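See below for the structure under consideration.
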Amino acid sequence: MKHNALRSFFICGLILIGMALFPLFTNNFIIRFGTDILMFAIMASAWNIIGGYTGYASFGNVVFFGIGAYTTAVLMEKAGFGFALAYASSGLLAAVFAILVGLPVLRLRGHYFAIATLGVAEAMKALVQNLEITEGNSGIYLPMLDMSVRGQYYFFFYMMLATLVACLLTTYILLNAKFGYSLIAIREDEDAANSVGINTTYAKTMAFSLSALFTGFAGSIYAYQQAFIKPEPAFTVHTTVKMIVMAVFGGMGKLFGPLLGAFSIEVISEILSDHFLVAHALFFGTIVILAIVFTPKGIMDIITERKLNVSYFLENIRKHRV
Amino acid sequence: MLAQIVINGILKGGLYALMAMGMSLIWGVMDIINIAHGSFIMLGAFTTYWLFTLLGIDPFVSLIFSISILFVIGYGIQKYLINLIIRASAFITLILAFGIEIFINNAALVAWTADVRKVKVAYGASNFSLGDWVTIPTVRLLAFMLVIVIGTIFFFILNRTDLGRSIRSTAQDLDAAQLVGVDVARTYALTFGLGVGAAGAAGTLWSILFPISPMMGGILTLKSFVVVIIGGLGSMLGPILGGLTLGVAEAMGSTWFGSTYENLISFTILVLVLILRPKGILGGAD
Amino acid sequence: MAILQANRISKHFDGLVAVNKVSFVLNPGEILGLIGPNGAGKTTVVNMIAGVYPPTEGEIHFKGKPIHGLKPYRIGRMGIARTFQVVKPFPGMTVKENVAVGAMFGARGKRRSAKEAMEKAEEVLEFVGLADQKDRRADQLGVAFRKRLEMAKALAMSPDVVLFDEVMAGLNFGEIDQAVQMIQKIRHSGITILVIEHVMRAIKNLCDRVFVLHHGEKIADGPVEEVLNDENVIKAYLGKRFKELTH
Amino acid sequence: MLLGIKELDAGYGDVQVLWGLNLKVEEKQIVALVGSNGAGKSTLLKVISGLMRPYRGQILFRGEDITRTPPKEIVRKGIVHVPEGRRLFPQMTVEENLVMGAFRRRKDKDIRPELARVYELFPRLKERRLQKAGSLSGGEQQMCAIARGLMSDPRLLIIDEMSLGLAPVIVDDLVEILKEINSRGTAILLVEQDVQLALSNSHYGYVVATGRLVMEGPSEELLQSKEIKEAYLGM
């Protein structure tokens, strides 16, 4: 046990150092690509807190991304805030919004929760499209980061990396505390969790809010990096779906599952779009379909179970077909 | 003025109802949230478009084709794909449906480009007046009547045929249905076929009234969600009531607030209904 | 003074009366039985005490304080633990984790760290005889073990009162006798118990008093022997086969 | 021999539940299959009705091998399984449930005489024929489940845990009805935890424990045997 924990800790450290040093040895294009992967890794890991550990499949997490992005844009452009303060406010505002929305919406279960969160995200997008302060569909320009081009690439990469590490570390610490047990108990059986003394409303709302916090941070960095945001990409349902697919593909309810999922899916789609200019999304759809049919538990499961053979895939089908 | 708005809303609401009927059937029977629903509507629309453009087949006639083609597609997808993982968590089927959506949309994009197209029928612009203030576009009225016909057929299939009985029994208790001799795998495939067939019909009617493009499906899926939720799962009346409510609410909202508020209104209704009456306006409270 | 007291509690579902003006008291240290045919409202009574839903009318007092209308977790933390008729383990957790969750959030949960809760779990698992199963996943247990796990989760909450909802259904006679002994041991540790059972063998060997629900109303209440020989109870619930068997 | 099970091994994935099980039901017999929960009774029933495939072994019905026959065909051949927990279609009326019971035969045959016979056996169901099955009491639901099974005019009726959760007084009524059904020529396999109930109302009995057959014999003899008395009847 001790030995194992030490080894995992060591491996994590190595990976972290590897990730931190990697931009120093590569070109801007690759750094930018790495930044994108990190952004999705944050969102998928944050989604994992509410969707993977608590069992509430939020289909509206993009709303926190959008809120984070717009908070940064409005605060920096209209109120003259510096990025640091805008960044902090973005996460906090998303977290507060999650509490307000979560209190009524987290009373719903299963599909109904999924659709309600989807509705919240779409309603928010429609609202932002109509508000004056967000400049509707024409979007907002942000002040540019005053740095050399290379420096900018470094800045956004390391911001994303730091946010991801904070997200994973928070998740790890909470999971080993009583709070983590309460989330998993809710996922496994909410009524039983309530009856053994878990304040389920509180626990769910906190999980939702934490998930929002980190997603909001990601949105904030994204907005500053793009220097211009509009409602459509900032609130698009496809971002939500992407984070879920990444979390599921990598392994829901596992600490590093979403990170692994984000990495593999981004790399796969990048390779595909290099080779098939027009049809890459078609192949991407095919991969999602095949992955879900053959490995519904995600690649983390294959790695931890060490069962990479045909019968593993067939067993998955045998278990779930009619 | 008000009467005209309400009538516009009802006519569009009928189409919403038809869209939601298929989604509600699939959801209710198999607990699948078919994210690809809008993509099937899109395929129905393009079936009609090509039959009209290439062969000159009247859109209303092509209804038969779009329903049958989409039925076959739906049957095949359920039988050879979704049935493989149907007993995994509902969440997994949701993502599978998402994969199907990406696939269909992008296949359509590759085949037909992102161009927006229109089915231009000669009688497209004709309309007639009712009283002094209300004008009714003929095509919309015709489409609305077809929705009623298709809905009635649906109702008949579900309640009066063996297929309907096997669908309902499977929805209520999978194992028990197997034990009385229902072929569940086939029933699932037929259910998905029917639901997707209804989406095809909705696509045909949509293409007569509005412009179409390969990416049109996303928002239609969302609208179908709204309608299913407003009406509540589990009865044929649900989608109809939900569709009409949404249609009228949107018509009123866009008249009074401007058409950019249309989506805000639909999704606010969706969230409110879910929070206040999670079983839909037909279902009981709580 | 009664530790738990229900005063004319009723529950209506959509106009259907599931429980009608039922009163009972649970005295400290006793084992009270609740019997009656399916659909008589037994589980509804448990659910009202445990806070799953509030009574439509009537009051429930625990140690003199009103608890009707409180959320289940509040009631759990005050010292009332319950089991579920259809057992509700946390299927993906190990047996030990299941029980530890009870220890973490139950009556003494505030004062226990996650680590102390694990120690408490070990202790409880030893008590109910599940110690050698502690590292198995809960969904891999057989029925008898699941029932025991359900009891262990409740006990780990350090409750003053436990509501056992059919913890013996589906057990064979040997297992029932073990469960009876365990419940007696629990009582001797100072916990007051309400048992809901169909298993007459257990009721007879276990309960000080028993009360009978039929169509949501209380039709008998008293010492076990007396109630089981009551004409009304035999007619409504027990039937003639039972009478032949016991006499 | 109506039903014969030979050397049956079955389980879920890696977890084997049944070990070399042998069992026979003769025409017009009531056979009891008893054992505590987890003994493997429900697994055996799933295998018989085709919901699950065994690892090894053979199931014969009227001389025909039905080991790998799908559920819909099993029903047609004349085996009906009334599952544990009734498993009615709760949103359908009592009569719709009964009609579903004849699902496989409706195409070739008029089912009205069948319906009349079932209503004669269960007058209570006739009174409630238009009520939703989900709103019936526990005892009525069990009646409806048995009646639904009878609608396909089975040669063999398998009833899983009929007495579970029912008041003793209602179980008594159901037992009388089962005897009536049997006297009209249908063989019954009664799968029960209530050993006393099952053995005192059957001709022949099998006792299973942890997936293996531990005893068999005429029910009267089993009831008198010392092992049964000690292990299951608590005497």
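Note that the chains take the letters A, B, C and D in the order they are written out, and that residue 1 is the start of every chain.
Note that in this section a residue touches a chain if its C-beta (ideal position, glycine included) is under 8 Å from a C-beta of that chain, and two chains touch if they have at least 3 such contacts.
The structure displayed is predicted, hence computed values, not measured ones.
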| C-D versus A-B: which has more C-beta pairs touching? | A-B
| remark: Between the Cα centroids of chain C and chain D the separation in whole angstrom comes to 31
| request: Measure off the straight-line distance from the CA centroid of chain B to the CA centroid of chain C, and report it in whole Å. | output: 48
| Where chain A and chain D are represented by their mean Cα positions, the distance between them in whole Å | 51
| query | Using the touch rule from the top of the page, what residues of chain A touch 2 or more other chains? | reply | 319
| field | Chains touching one another, given as label pairs in label order | value | A-B, A-C, B-D, C-D
| note | Within their complex, chain A touches chain C through residues 176-178, 181-182, 184-185, 187-189, 191-200
| field | Contacting residues of chain A [partner chain B, same complex] | value | 57, 104-105, 107-108, 110-112, 114-116, 118-120, 122-123, 125-127, 129-130, 136, 237, 241, 244-245, 248, 278-279, 281-282, 284-289, 292-293, 296, 316-317, 319-322
| remark: So, in the complex, the side of chain B touching chain A is made of residues 27, 31, 33, 35, 81, 83-92, 94-96, 98-107, 109-110, 174, 184-185, 188, 218, 222, 225-226, 229, 260-261, 263-264, 267-268, 270-271, 274-275, 278
| query | Which part of chain D faces chain C closely enough to touch in the complex? | reply | 36-38, 137-139, 164-172, 193, 196, 231-234
| task | Report the residues of chain D in contact with chain B in the complex, numbered from low to high. | result | 49, 51, 70-72, 74-76, 80-81, 83, 87-92, 96, 99-101, 103-104, 106-107, 148, 152
